[in-house]
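Heads up: the structure comes next, in structure tokens.
Per-chain numbering from 1; labels A, B and C assigned in written order.
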Amino acid sequence: MSLITLGLKEAATKLKNKEISAVELTKATLDRIDERNGTINAYNVVCHDVAMKMAEESDKRIASGNAGLIEGVPIGMKDLFCTKGVSTTASSKILSNFVPPYESTVSGKLWNAGGVMMGKTNLDEFAMGSSNETSFTGKVLNPWDTTLTPGGSSGGSSAAVADFMCAGATGTDTGGSIRQPASFTGIVGIKPTYGRCSRYGIVAFASSLDQAGAMTRNVEDAALMLRAMSGHDPLDSTSASNPVEAWDETLNDFDPKGLKIGLPKEYFIEGLDPNIRKAVDDAVKRFTDAGAEVKEISLPHTKYAVPTYYIIAPAEAASNLSRYDGMRFGYRAEGENLAQTYSNSRSEGFGWEVKRRIMVGNYTLSSGYYDAYYIKAQKVRALIAQDFANAYKEVDVIFTPTAPSTAFKLGDKISDPIQMYLNDVFTVATSLAGLPGISVPAGLVEGLPVGLQIIGQAFGEEKLLQVAQAHEKMCGFQMRAPNATATAA
Amino acid sequence: MTSVYDQYEIVIGLEIHAQLTTKSKLFSGSSTEFGADPNTQTCPVDLGMPGVLPVLNTAAVDAAIKTGLALRAEVNKESVFARKNYFYPDLPKGYQISQFDKPIIGKGTLTIDLEDGTSRDIGVTRLHLEEDAGKSVHDFGADNVSHVDLNRAGIPLMEIVSEPDMRTPEEAGAYVRKMRAIVRFLGVCDGNMEQGSMRCDANVSVRKKGTTEFGTRTETKNLNSARNIQRAIAYEAMRQIDILEEGGEIVQETRLWDAQKNVTRSMRGKENAHDYRYFPCPDLLPVRFDDARIERNKQEMPELPDALKERFMNDYGLSAYDASVLSSSRATSDYYDAVVEGGKRDAKIAANWIMVELFGALNKQGKDIEESPVSPENMGKMLDLIADGTISGKIAKTVFEEMFDNGKDPEAVVEEKGLKQISDEGAIEKIIDDIIAANPKQVEQIKNGNDKLIGWFVGQTMQATKGKANPGIVNKLLNTKLRS
Amino acid sequence: MSTVDIPLVEKLAQLSRLTFTENEKETLQQELGNILDFISQLQEVNTDGVQPMSSTVGAASTYERPDEVTEENRREEYLAVAPKSEMGFYVVPRVIE
């Protein structure tokens, strides 16, 4: 049995039963990281010592019968989550020397549940990007084919999970940053309902959209990991009080018969890659063969979702990133005076994509433009949310492709921002409406994974995960083997 | 001769920032105690570190509601926190969480009391909650650096904006004093202007009397007392009138009051109007509450200065001035009410004793009424002793001094010092007869018409009785014996 | 509505506390222009009578915490991540008031 291919739940069970030890599992995972990270660059920092120490503590807890939900399981932590005493950079030069004196709520919950931190995974700088090419610590390569992007912004987490460098990893998703990379690397990625997971301690990008989520190699793992991450947090005023259920335990209490699946016609227009279309159609057919109903629905404001997102997210980001000024932490480049120190520090500390979004954000917030852009976008957002609410009067869940293509070549889209933004076309509306969404592998196109996105109702994670689980069982998608050579198809 | 200044009217609006006396900050659990070592009362939320989030302090909301009720203002059951974006080293997040177009309190009124005893209503435009910024100090170390202390960053403030209704510096002073009294009465702010827990900026413009258009206004900051507010406004108004009279134009700008030189100076580097890019803070939800919360706050409020003043005037018959003084602070009005005990004692006599003797003694020692060595109970008992003739009003002053210096109660003092008034007519008559007998010359002078000498006999009688003879009886007997 | 010229780029750069070379400003002029054209599509949408949605968290009221001091003095830890500090203060370039 290869230790590194164990799923999260699988490993947790074997550990609890003392079939394997946390120390040996962590060591095997660290060895894998040492072997692969130089190529894939999934991790910004690998925590060899911390991981071994945490693994030893896990073994002690298991021995004394105090095993947590995921005791001893190797976890990758997106380098956007503040981890006390461990470097947290947001893959940005401006935080390259930052070691937080506090822990994010979500990472704290995972450590309390027994998770073992392998390291901090790479991402697009400040989570702004869809290909992990804007990172200060270098791009991440897709384990399926190292000339391709793993997606972004949670590219490091995605690649780490897909390449067996951890059993599960945290991501954050603001417009698709968990789901799209999951699709590109053939894994499961879930973004829960806005408010499910606390945002405290997660370096903020767009406050009304950011959500932490789980990236794993199967649905059961995602359910367990999300369960460990979720819950109301008094430190986050936007965090929801809805109770967290044992989603991993009710996954199979589900019969597709009678499930009403919606297919939004605006997501299946002329120009959608026919291979992607087929993958979704195949997924739907699995369900209809099992007795589900499928219905065409309309989400009329779909085409405005990306522009709406690219008004709201940069505006909130521009304001959130004002604190990076070189005064109290982070990178400082002295100038001749205060004004110069501000602009030197920020201009040298931020990458181009981040600077561009700050500029766009300040434009749409500035006096004279605020009503026409920001307020307008908030109104369109309300309409988008209403579209979903209307749809859910007729269907239970919604199926769409996760991304308009399979993983694209590194360097292909980085110089055309709009092309890059259109990567998010299937995922942003879900974020704008605050709904939960999951990407599950649905097949291969020319040897590369394609994801099916399932969108659920607000706080409907149980049903969402059950449908995802049913799909996984029916689809039989094969993860690539750890030693498969990464080749172009 | 009318001066040119008399042709103009001053238009004044005041912006007051009142620091709340909550134990913790507006959006974090850091302490708000005054005077701590730099940066010892900060946490990641105050410091604007990555990923941290604000969480609203419930007591701040209640403080704002109470203040709104005291100002007879609209209490908005839904209000929104907005980000005010700008860069400054004392502003850790690069934005201040404030309220913009949906403040918690709307239009209200503050009644000001002027020295001539009249009152005037001044409009309040709005009141909102916001977080305070930190402090920069520039007076040590290299001269190309500043030192930043963020203890103050995040302390809750109420920003209270008045309508431009005031027309004289005196009115502005009265407004500030009244606002200060109200927030102190409510216990929401200690109103200490020297320490900066209450700050005032004055918006001043002038216009020719009879015109209705507003002139260009300037904003003057760094006003740390009601007196400085009045002086600064007077100076600024004259400065503006001088400019206009010379044909110039007023520059809309922010100015600083220099209390040493008694002038306002233009502030450098603030010429560019900021684009604050206000938008609702996405880390917070709207503040929403129901009528029950407003009612609860109403029940918790003490009697406020205006109501107290009215009660003192109506129930106790005090003059407007006296009623104002005795309702100027909660401690004073509590003291006064305790002495009068609902009318058990003479309200006017009590008022007089407190305002003259007690305040006089307290002022000499720089004490506040809260620190009075004479408790209201003892003050009351002393007044009782005067009322029932045990001591005379004059002797009472001695008793009071003794109570003030040693904290003793009046009966004990009277007993120890043997200060009981002698009201035995027989005893007094005997003493008087002795004095009359011993001073035939003076008696003769009175018989010849020098009535004033009766006072001398009064004095002699008082001396002989060590001041304890009942003055009424002494006067009666002397008049009977010497004026027949 | 979305004509981007160099003065606008400079004004936004100032608001953002960012400096750009002349070349970068030209690039930004182009890129921002394209982005702004793209997001201006929203003008087509009829939003009469629609309330702006600033949060997906329905009708709830913001959580209010009790007025208690829950933080202790951890100054040394916090100053340890500062670029420059002395005597308990953050040291910053001179602030001119």
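The working rule: a residue touches a chain if its C-beta (ideal position, glycine included) is under 8 Å from a C-beta of that chain, and two chains touch if they have at least 3 such contacts.
Source: prediction; values computed, not measured.
In terms of Cα centroid distance from the overall Cα mean, chain C ranks first. By number of C-beta pairs in contact, B-C leads over the other of A-B and B-C.
Taking each chain's centre as the average of its CA atoms, chain A and chain C sit 23 Å apart. For this pair, chain A with chain B, the centres built from the Cα atoms lie 58 Å apart.
For this pair, chain B with chain C, the centres built from the Cα atoms lie 41 Å apart.
Annotation for chain B: residues 44, 47, 55-56, 87, 89, 148, 150, 275, 277, 282, 284-285 touch two or more other chains. Residues of chain C found to touch two or more other chains are 15, 17, 54-55, 57, 62-63, 65, 74, 78, 90, 92-96. Residues of chain A found to touch two or more other chains are 98, 100-101, 208, 234, 237-238, 322, 325, 327-329, 338, 342, 362, 366.
Taken in their complex, chain B has these residues touching chain C: 22-24, 28-31, 37-44, 47, 55-61, 81, 87-90, 136-138, 141, 143-150, 267-269, 275, 277, 280, 282, 284-289. Listed in rising order, the residues of chain C touching chain B in the complex are 15, 17, 54-55, 57, 59-71, 73-75, 78-79, 86-97. Note for the complex: chain C touches chain A at residues 1, 8-9, 12-13, 15-20, 28, 31-32, 34-36, 38-45, 47, 50-57, 62-63, 65, 74, 77-78, 80-84, 90, 92-96.
Residues 81-82, 88, 90, 95, 98, 100-102, 104, 199-204, 206-208, 234-238, 315-316, 319, 321-323, 325, 327-329, 338, 342, 362, 365-367, 370, 374 of chain A are the ones touching chain B in the complex.
Chain A meets chain C in the complex at residues 98-101, 194-195, 208, 234, 237-238, 240, 301, 303-304, 307-308, 310-311, 318, 322, 325-332, 334-335, 337-344, 346-347, 350, 355-356, 358-360, 362-364, 366, 372-373, 375-383, 385, 417-418, 421, 433-434, 458.
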